[in-house]
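Presented sequentially are two complexes of subunit A, the first with subunit B as partner and the second with subunit C.
Our next item is the complex of A and B:
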């Protein structure tokens, strides 16, 4: 693509290069704008919501009314790939489907929406990649940076590609969870008795009204009665993954649970990574006593029984405001992060020490660079890659640990949807007709953790081609081991 | 040091190192990397330090910069007196509590000496790391041995020079870019505007060393420590870099401490030379008199291993053995085991610096000197403390 515009400007900065050759940036921008258009409403709504949250944090609520007005105005902008535009929920009136998109049956309407969303999201992802390539070949001032080599190595790494694919598919599920799920969390899971649906009653051959709660009760998967994957229940509702023992839709539960899992994973690993990086930089730069102190505290923390600490602290903190977020999931993630940093720190300390011994670090000290700047500019870039590798591997570990706790009934409480809870709920029905309740979320967790590990492997091989592919993976995958 | 009347007319040297001892403590042993070093560097002059690998040259350089590893420790008696007016003024402002009178009374925590008679200096050996950090770069800057590794490969060369400018001259943005281009031009890099944006790996070895010199110049130092700056370069590039350093020195009145193991390089660049052996300076002399009449047997050994000075011999003479690792403070002549002229006393007596032929600029630490008296008496000069005092006072007054 655009091979003809590869004439590089080596002098001048990127802006000059854009001025000299504006065509690729114009084409890219136009297509990006077109791609943004279908989701404009959703994007603006999230921005408005973020602003509203920020404003509400300011004491006195200045401009709260204005923000509400803006939110309302933004809410009117249509979002093309949403439940409202392509509805899958409807009822059969005896001759045809009412309320679904173009009168399709709910299954086909939902499938259409899901396929469209995934196609759209993958297209956006691809277009961002294209944008980087165009920037690299047309505008970037340097004709080579160390990042290029890493990218080239990743390009041939099949296992890494598999990981990337799994992670991207998972991220799309997370971002588009409300639009992808067959019904909403509020209606189906949190508050089923406040919502009414219409359905076609075959016995009286007419359209009737009932609450979602009642409908759920009639659609349970408990071995004897069963709504399996890819089937309709008696109320004309389509369940791609079947239903839970409570009759709630498993797919909706899993899509919402993906968000919870990702947030928990990111918070846990974000906190652990922050602590690990700071301590790795400190121990590499100052060494000696500082290093020893960190070694000792890391050893002490690793010596603690982590499962016990997790349970103890989550019970202790459960009544505080922070314990209420995600039914205790947030506080669990914080505790996990606070006790799992030693693993990350151990992985980062070696490379950090090695980098601190490089002559450019001495050279920087020699011309009077402040210690924190040296750590940030001259050591951090060299361990950032390792953080990415071990971080992505431990992310899987964090997710699986917390899912494990929820499976034991000790982690996240109802009603917050979480994958481990689904596995737990289906436990007694594994050997029955309702095998899908445990199996589907279980397989998804395994797939996701494998995906994160594969991506981590790929990144590591890209960053450091000499590294041994076999080391470290196993211990990382098990993470907390709960 | 004895209290001496300050000599007002003569400008004191930019840097005087007195009794510098560095000891590395490890779990198993202590290594006295340098012991009792004394030397001075005047403004605008180049002092060469020459010695074999392991003689403590680089440790000396790192000690001056306060860059010793955490296991290294400066001796309590060591002082590194740095006399740069702007540095002293700044430190007096920043550390008012650390300003002392320097009149011999022990003043805890003082490292800036500000005397009315104009004898002002900052003692880097006693200053805390934060204060030394203010001197790094702007007061004393260092060019490292290996130009391949002293630039950070992830930043462009221009970026790294601009960083130095930002720290030391508070120049940013477009102006910094222009100054950086000028600096690169000054050190002889062609097409500096383009090379600015390139990464270190795109530079050749010589170019990189030039870029590093540009980076240190960006800090505008008074004293430049060059730790074997040409060792990793080939001979033609080496000559160019030496020439560049001499030009820059003339332009900016830079004092240079030049550390090398290459006698040829010393002959070319240095004004005065200190010969190091096992952590001690065994001979100190102006470059001319060192090469004309080397006094210490070790220096003579080094001279006879220079190919161009020994054209008529078939084989170059070599010094047998290698530099010992000093595990304790000196009580004998450390060169004695390798010395062709060693006698019994050499293994028991630690030699002091003795002026050669009455010339106070040229001293050698060897029991053979003073040459004009009998060996026993000469040895006695080195052992008896009262005579040593005499020698030292004699040293100071001449």
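Our next item is the complex of A and C:
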């Protein structure tokens, strides 16, 4: 945790160390550049898009044309691990597959792409870890920092590793969702009747054209008719998780829904964390009346039935402008953040109070440092780790809550994919052939929430081996009963 | 004396909670973006409905300035004048609706707390007494996964499994014991008759199991930790040293103290139950109070929603007071230290 301050004070020396021994940094940089190459197009496109959004915020749109030019130029740079370079969608022309990668059948082409993307992403993750290790052994001036001990404790924490693995796999799914899914959200879910596909009609033995919407209607999973996991439908489309009752591809739905869930969860917990940290710092530093005021307001908010408030407000705000942002997800995230910060604050209050009582805080105060500097420099670093722990655990709760609302048909508006809605769609068919529709999203939510909790456990044991489960956040971790 | 003062202090602190919650509810409904009268009437625009609009508006007091509405709302709630329903069941008073719907939810909540305690706590204590054995790991991981399952999903799966149990395990759940279907509310008439009682318990059991699942996992985790911590305390070593029998040691010295951290977990279930009852009741088709709240919100019966929300907050505050009372009874140290 002291890491930041330690490296800051020794930056000059670290630069000297690089000058004395430039080989590791050169090798690391070269490999990192190589690793960037396959995704160069996608990375530049995201950067260009971010710039475009920033420019569009400036009144008068100066340089809008320039930005469009840049975006077009960037669009020409190929992305190797994408749907375009390794296509999985094609049709059978009676003798072989047309349009798929190297004439493979769609299943194998998709599998190849998925395996390549996961390998690539895990490689990038590993290379970052290697980078930190090289930095530590070659360039860092101090032999030891408290952060090293935390890393060492985490390295033997099996349960934490499980959590990290689940979370990393989920993050890869979120980041690469458009390339990983078998078809695009726009083509398959949002606007199926505006897209045409070719397929091989076995009855007339020729290649025919049809809209995706018609094909979906013939590929429904409703018990009697069923396109189960890991099968093809009649239109030569491969469905790794089967289809929804509407005939849409469940894997594409889940991958896009993972993005929605994570974004909402991160915004909600980010907001809650921001409020919780600010209030924990203020109440620990000033104590007395400030502390009492925060205790009272957090008690009051915790006294509200959170899921019901979320339900009521999402209904009331659904027709307003704020309810339309991100298919209603933005307002959900705001409400969730506003009602869940007390759980985080309770977990941070103890460590913050303890740190505020330390001698160095007293020394800084006598030395004449401003209160906000003391809070930021001398208290914040010691509670940041706890924020990570309880933030990770609450993220699971947020994802469950949002899924619960979508299950009731509230919150995220259709057709934007959300896991809870898939569970709802498959509700009637659980005991039939089409068991996959409800079962797969539910298993994934359970796995993901367990993963976030395990990661939280691991980090907590790493930063503070003495502590054990804090009862205050137990209900936050389960999403208020969803 | 000091314990009594502690209790009164806690009682006093619960007032702002009640006021805050009720104010938030008021703001959401009376100052929110949805006009309660328009929500009640739907989208009709002829002259008759305009007259109706004004009539309802006056009856709800919406023509008054906002601060006056606020004072009236707070006085109504404080005197438990909960108003009436407008859409779900027009002209029925909220009290009548609650007394019709609440028993089903109370029955569900009662059993979900009971099942969670009787499964979660013993499992947690068992795991704690045998820490770091394979049985402990199995129970702990099981508890964590069980807790991570979303209630609504677990409910969907359980309903499907039980209604087809004949095909899956060869035993039909419906005809096992009293003949009751999987979904629907438990029949609560004549509970003094053992057959009816058994049927009502069997009927509510799957829903209660789902609703209690998160609490069960929590109780297990906390119970395990509490036993582990207590076992290593000096007074347990002392008791063991002076030759206290194992039975007395476990029951009097370990379990009683290990129960203290479990109290807030058990009472904290009130939150989970009230929130979860909406989803679990929807899936199991139990027309309880959570389901009533959901329907009232979705169908625009905002006056009813406000009253129900107040009742929920009242229940939570009441459970918190109960928790303090339990604390005082179970832990004699309360009130003697400053914390």
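For this structure, a couple of remarks:
The rule we apply is simple: the second predicted complex is superposed on the first by the 461 of 482 C-alpha atoms of A that agree within 3 Å, B and C clash if a C-alpha of one lies under 4 Å from a C-alpha of the other, contacts with A are read in each partner's own complex, and residues count from 1 in each chain.
One rule holds in what follows: a residue touches a chain if its C-beta (ideal position, glycine included) is under 8 Å from a C-beta of that chain, and two chains touch if they have at least 3 such contacts.
Not measured: the values here are computed from a predicted model.
By the touch criterion stated above, A:288 is placed in contact with subunit B alone, subunit C being left untouched. Counted by residues of subunit A touched, the larger count belongs to C, out of subunit B and subunit C. In the superposed pair of complexes, A:370 makes contact with subunit B only, with no contact to subunit C.
In the superposition on chain A, contact of A:360 is made with subunit B only, not with subunit C.
In the superposed model, A:296 lies in contact with subunit C only, and not with subunit B.
By the touch criterion stated above, A:378 is placed in contact with subunit B alone, subunit C being left untouched. In the superposed model, A:146 makes contact with subunit B only, not with subunit C. Against subunit A, the residues of subunit B that register as touching in their complex are 65, 67, 70-71, 133-138, 141-142, 144-146, 149-156, 163-164, 167-168, 193-194, 197-199, 202, 212, 215-216, 218-219.
Subunit A meets subunit B in the complex at residues 10-11, 141-142, 144-146, 286-288, 358-360, 362-370, 377-378, 381-382.
Against subunit C, in their complex, subunit A makes its touches with residues 296-297, 299-301, 303-309, 311-313, 315-317, 319-320, 396, 400, 403-404, 407-408, 410, 420, 423, 426-427, 430-431, 435, 438-439, 441-442, 445-447, 449-450, 453-454, 468-469, 471, 474-475, 477-482. Here subunit C touches subunit A in the complex through residues 13-14, 16-18, 20-21, 24, 28-29, 32-34, 144-145, 147-154, 156-157, 159-161, 163-164, 167, 211, 214, 217-218, 221-222, 225, 229, 261, 264-265, 268, 271-279, 282-283, 293-294, 297-298, 305, 309, 312-313, 316-317, 320, going by the rule given at the top.
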